[in-house]
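Shared between the two complexes below is chain A, which has chain B as its partner in the first and chain C in the second.
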Partner chain A sequence: MPVILEAVQLTKQYQEYTALRQLSLSIDTGEIFCLLGQNGAGKTTTINLFLGFLEASEGKALINGIEVRPNSNATRQHIAYIPEVVQLYGNLSGIENLDFFSRLAGFTYSKQELAAFLQKAGLQQEANSKRLAAYSKGMRQKVAIAIALAKNATVIFMDEPTSGLDPRATAEFTAICKELAAAGKTIFMATHDIFNAVNLGSRIGIMKQGSLVHTVHTSGISATELQQLYLETI
Partner chain B sequence: MNEIKIIAGHFLKITFRSRMLVTIYAVWLLLVVFAAFTGYSTYTTQNTLRTQLQQQARQSWEANPDKHPHRMAHFGSFAFRLKHPLSMFDYGMESYTGNAVFLEAHKQNTVNFSEAGFSTGLLRFGEISLSVLVQLLLPLVLFFLGFHTVARQKENGTLKIVLSQGTGLGAVIWGNSLGLFVLSVLFLLPVAVAAFVQMMLQQQLPADGFVITRGLWLLLVCMGYLWVVSTVAICVSASSTGSRAALLKLLGIWLLMAIVLPKTLQAVGSAVYPAPGKFEFETAVEEDMLKIGDSHNPKDAHFARLKDSVLKAHHADSIQQLPFNYGGFQMREGERLSAEVYNQHLKGLYNTYTRQNAISNYAAFINPFIGVKNISMALSGTDFTAYRHFQNHAEAYRYQLAQTMNELQMEHISNTAPAKDAKPLSIGKEHWTAFPDFRYTHQSVQAITQQQLPAVAAIVIWFLFSFAFIYFTAASAKVL
Partner chain C sequence: MYLLAFSNFIRSRSVLIAITLFLVTGVISLYIGSRFLQKQQAAVEAVTQLQQAQIERNVKNVPDQFGLLMYYLRFAYINKPDPLAALAIGQQDINNSIQYLTVRGLEGQRYDTGLFNPYNQLTGNLDLSFVILFLFPLLIIAFNFNVLSQEAEEGTWPLVRIQAGSAMRFIVQKLSIRLIVVLGLLLILLALAVVIVPVPLNSKLLMFSVTSVLYIVFWFAVSFLIIALRYSSAISALLLLSCWVLLCLLGPAMVNSYLTARYPVQEAYSTFLKQRDGYHTKWDADKDKTMEPFFKHYPQFSRYVWNSPKFNYMWYYAMQQAGDDEAAGDSKAMQNKLRQRQQLAEKFACWIAPMQAQLALTDIAGTGLQQQQQFLDSTAAFHESTKLHFYPRIFTDGAVSAENWAQHVPRYFKATAAMVPLFAMMPLLVFTLILGATGVVIFRRKGAAYTFQG
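Take a look at the complex of A and B:
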């Protein structure tokens, strides 16, 4: 599989503080890469560097072979982003939110097509026209996934997406992510959830104080072993 | 461009869904109706009254019997200042400036009877006019409706999703600015309709008022101003770390622009260029008048010299031999000299006021509110220049009245005093009718534009600056 995401000696320094140190990483198309680490380990900084919201102090981030800075407008054509808390616009319905974000990305869909994306993301049809303010966190996550689907993003960045979700919503979310990966989408996820990372990810990275300390394939490690490794690392 | 349209439409959509907007708009409409009614009522009442009083003054003038023209010069007349129809939109200085002046020979009376002079202290709390709503209150409403636009999206992470769709921060700022501007136009619309209805309710609009031209200029300037306000609101929102910070900054800007700067600059103007008080001014005029002499006093040195030179020029030994009435000639000369002295002092006073106002006029480059206020007052005929224009008009009429009476005296009154029991020297009353009535004409739009060039230039620069502001905010604002 071709490499879709690449970090080359990627570093982010805030004066004396190094948020990310010499990160080198390659992620293939269709891979689900989970980044584990404590708060402040550099997970979100890595995502923000790939999204082009931060400028690297050293090194470079590449998406589909294109350096993010100064081409963030071009690289953003390929990506979608799902934050920990998806707020979107509370006084618009799910379908209206999806319509707005799709049109921003340059796609104009009919109401039926938009409803189909929401359904594919796992949102129940009767919720489509309800205002987002009445949605649960899991439902809003699904709208964010529908936004990624409607955009036909090849890489989806997720920042602690299962944080605060109940077990059922987490399971639904995991299933959707697997479907996305099976469809060739690459998922780059920052998470604290070790068990979900093992269950969902194809590879896992463990970060500590801005450095990527370990990278493991989930095929060769159990959740307990990963937890042990994680605890030893941090 | 498409992204900007999408974001602008989205801004309007989510704003229209807000119940807060319905409440604000309802209050706004009530205020517009109140301000429009108050403006209409004041204008109609005042202009009707002033027109009637002007007619009464004329009738009183014409009703005089055969009389000595100099008595008529002292009988005098009144000049009433008719409001410009757009004063219904912007009251400007109208409430504080006088609107009637008694015109008589030898004396330049002050313009009196301001509305403030007949009002309670409540006037000091300010008036709610349509212009106050558009220029002062609407920016506050726009700041309130726009402060959270980008800042809240930044706070809750939605902005990152928006930007990850491939949209630039520039498009976000442009789109929201455009959306807020369209919203501001929706607030402006009932004001424009109210002003239009105010005009339509008038039986006749003054031909020299150029109401449509002035109104369209006013609309254009207000729209430019609202665009600047909209972009400031969105740029501050985009460059702030959170919506609370954005609101505080915008409230600070509003206070500074609408209250602190105008008041401070007014005080600075008065301190840097102090103007004499009314008593001081009148004393200075009086002192200079005394220096040139008293045309009523036959023993006055200046006028005694004048008499000698006139007699010499006409090879006459006494005024009885002169081909004209010497008293009229002397009054004409006295009027000319006293008017010269007065006008010289008045010019000096006006120059001081002009310097004071210049500080405020050029402050429009740092405060667009001052610029739009100055242009609005000027186009509505309610600024100091419009008042001064009336005062000049009235003084020119007074001078013409006095000198016409002096010339009638020179032409028709004998130099020989009548016998003790004879009829007093007089001329026919037809002369009073022949003298034209006072008619005030408003300034031309061209003259106003020339006077307001600094303010116009400032608004144009602010308009252009708004684009630069968007550009630099988009380039420097932090998404995280």
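Take a look at the complex of A and C:
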């Protein structure tokens, strides 16, 4: 499978503090890559560098072969983002939020198409027209997934997406992610959830103090072994 | 997307409350302006009837002495307010807009004004121009201060950044929705003005509207610049309110203090004294000394007989003229200083947008100081022409019944705009462009700020 995400000696320095140290990484199309690490390990910094929110101090981040900076607008066309807490517009309904963010990305869909995206993301139909203020965290995430689907993004970045979700919502979310990967989408996820990472990911990276210390394939490791490795690493 | 963004904005309860509040305030301001105009029109109608009645009464009471009759008769010269004055009352409620004059000395009559509402001189009127100049910026600040910071603070900004091609275009679109709402509010109020006041649909209303739109756009440019600096909502609100205080309150107050100090108008008092002394001292002076300057002023009347043994009205009106002539220097100096104040105020106004817009709006409505000065100058010309009409009749003691009194109806002042308001608004336009361009540069430099370290 072709490489879709690549980090080359990627470094982010804040004066004396190094948030990310010479990260080199390649991720193939259709892969689910999970980054594990404590708070401050550099997971979100890595995502923000790929999203183009931060400028690398050294090295480069590439999406589909295009360097993110200074081509953020070009690379953004390929990506979607699901933050830890999905915040949308409270005065709009779920379907209106989806419509709004799709149009923002340059896509215009009919109501039926928008409803189909929401259904595919797992949102119950009766919630479509309710204002966002009445949505749970899981429901908001489903709208964010629908936004990613509507954008037809090839890479979806997720920052601790299962944090705060109940077990059922987590299971639903995992199933949707697997469907996305099966459909050829690449998922790059930062998480604290070791068991979900093993269950969901194809590869797992463990970060410590801004460095990627281990990269393991989930096919060759159990959750218990990964937990052991993680605890030894941090 | 525009419609959805508009829905998101307009569905906010606080936005609806703000719009309703401003709509109500605007309607109240129109009602106040309409009442002012009605009062002015009632005064014009009253003085028209009064002039006719007092001419009839005095002609009946003094049928055989033209000079004595003219001592009493008054002639109205009216600065009839344009209907647009209801939207920008300016100084028209504290300055006299009706001069009710005899042919006696002018200086003693010119500043006899019906100063019935000094309180308004301090606070100004709650007319539509007040709403536009001072309250609309507050609405604009309330709508705009958190256009970007709210996205960051409520967590929608990262998703917007990923989805939107251009962050700046997104913010400009948000601002343009708010601009449309504010302009819509202005349009509704102007439409209501056409119905309530009623203000005619003419070029003046168009100029008033264009000036108001420019002023509103200026405040949006100020907002955009502050937004581009990417401060938190609290800091952005503070900065914008500071701009409002500086531009709407402190700036004009400082300019006013400076102008008053630089051009003190002592002549207002000395003109009054010289006019009174010039006239009253002549009662005891040699008549020749009174008549000599009078004939110098009006050589065409030197052939009339003035030194008859009985009381002579030519001598009496020459004494009145002496008062005006002796006060003329001070009167002119005072007018010049007021003009200098106005001219310097206009120069300062180029740097202070609310002052500039206020001068333009009152100029369009014909209620500014400039028009009042024009009216006072024109009053002198009216007084002079009235004198020149009656002097020969007085000096020859003509027959009162021979005069066609029906022709002496009130005359109306017609103002000529001293500046082209749209041209006068050029500095505001330039500032708006500079602020907008600076905002664009800063916004681009800041890039995709509002991200967080992991």
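Heads up, the rule we're going with is that the second predicted complex is superposed on the first by the 234 of 234 C-alpha atoms of A that agree within 3 Å, B and C clash if a C-alpha of one lies under 4 Å from a C-alpha of the other, contacts with A are read in each partner's own complex, and residues count from 1 in each chain.
The rule we apply is simple: a residue touches a chain if its C-beta (ideal position, glycine included) is under 8 Å from a C-beta of that chain, and two chains touch if they have at least 3 such contacts.
None of the values given here were measured: they were computed from a predicted structure.
When both complexes are superposed on chain A, chain B and chain C end up clashing with one another. Legend: residue contacts after superposition of the two complexes on their common chain; A:Ala190 is shown touching chain C, with no touch to chain B. The larger set of touched chain A residues comes from C, when the choice is between chain B and chain C. In the superposed pair of complexes, A:Ala19 makes contact with chain C only, with no contact to chain B. By the touch criterion defined above, A:Val85 lies against chain B and chain C together after alignment on the C-alpha atoms of chain A. In the superposed model, A:Lys151 makes contact with both chain B and chain C.
In the overlay built on the shared chain, the residue A:Gly42 is in contact with chain C alone; chain B does not reach it.
In the superposed pair of complexes, A:Lys120 makes contact with neither chain B nor chain C.
Contacts of A:Lys178 after superposition: neither chain B nor chain C is touched.
On chain A, the surface patch touched by chain B in one complex and by chain C in the other comprises residues 48, 51, 53-54, 73, 76, 79-81, 83, 85-89, 91-92, 96, 100-101, 103-106, 144, 147, 151. Chain A meets chain B in the complex at residues 48, 51, 53-54, 73, 76-77, 79-89, 91-92, 96, 100-101, 103-106, 144, 147, 151, 157. Against chain C, in their complex, chain A makes its touches with residues 14, 19, 40-48, 51-55, 72-73, 76, 79-81, 83, 85-89, 91-92, 96, 99-106, 144, 147, 151, 159, 190. By the touch criterion given at the top, residues 3, 6-7, 10, 13-14, 17-18, 156-158, 160-168, 479-480 of chain B touch chain A in their complex. Contact residues on chain C toward chain A in their complex (touch as defined above): 1, 4-5, 7-9, 11-12, 154-156, 158-166, 170, 447-448, 451-454.
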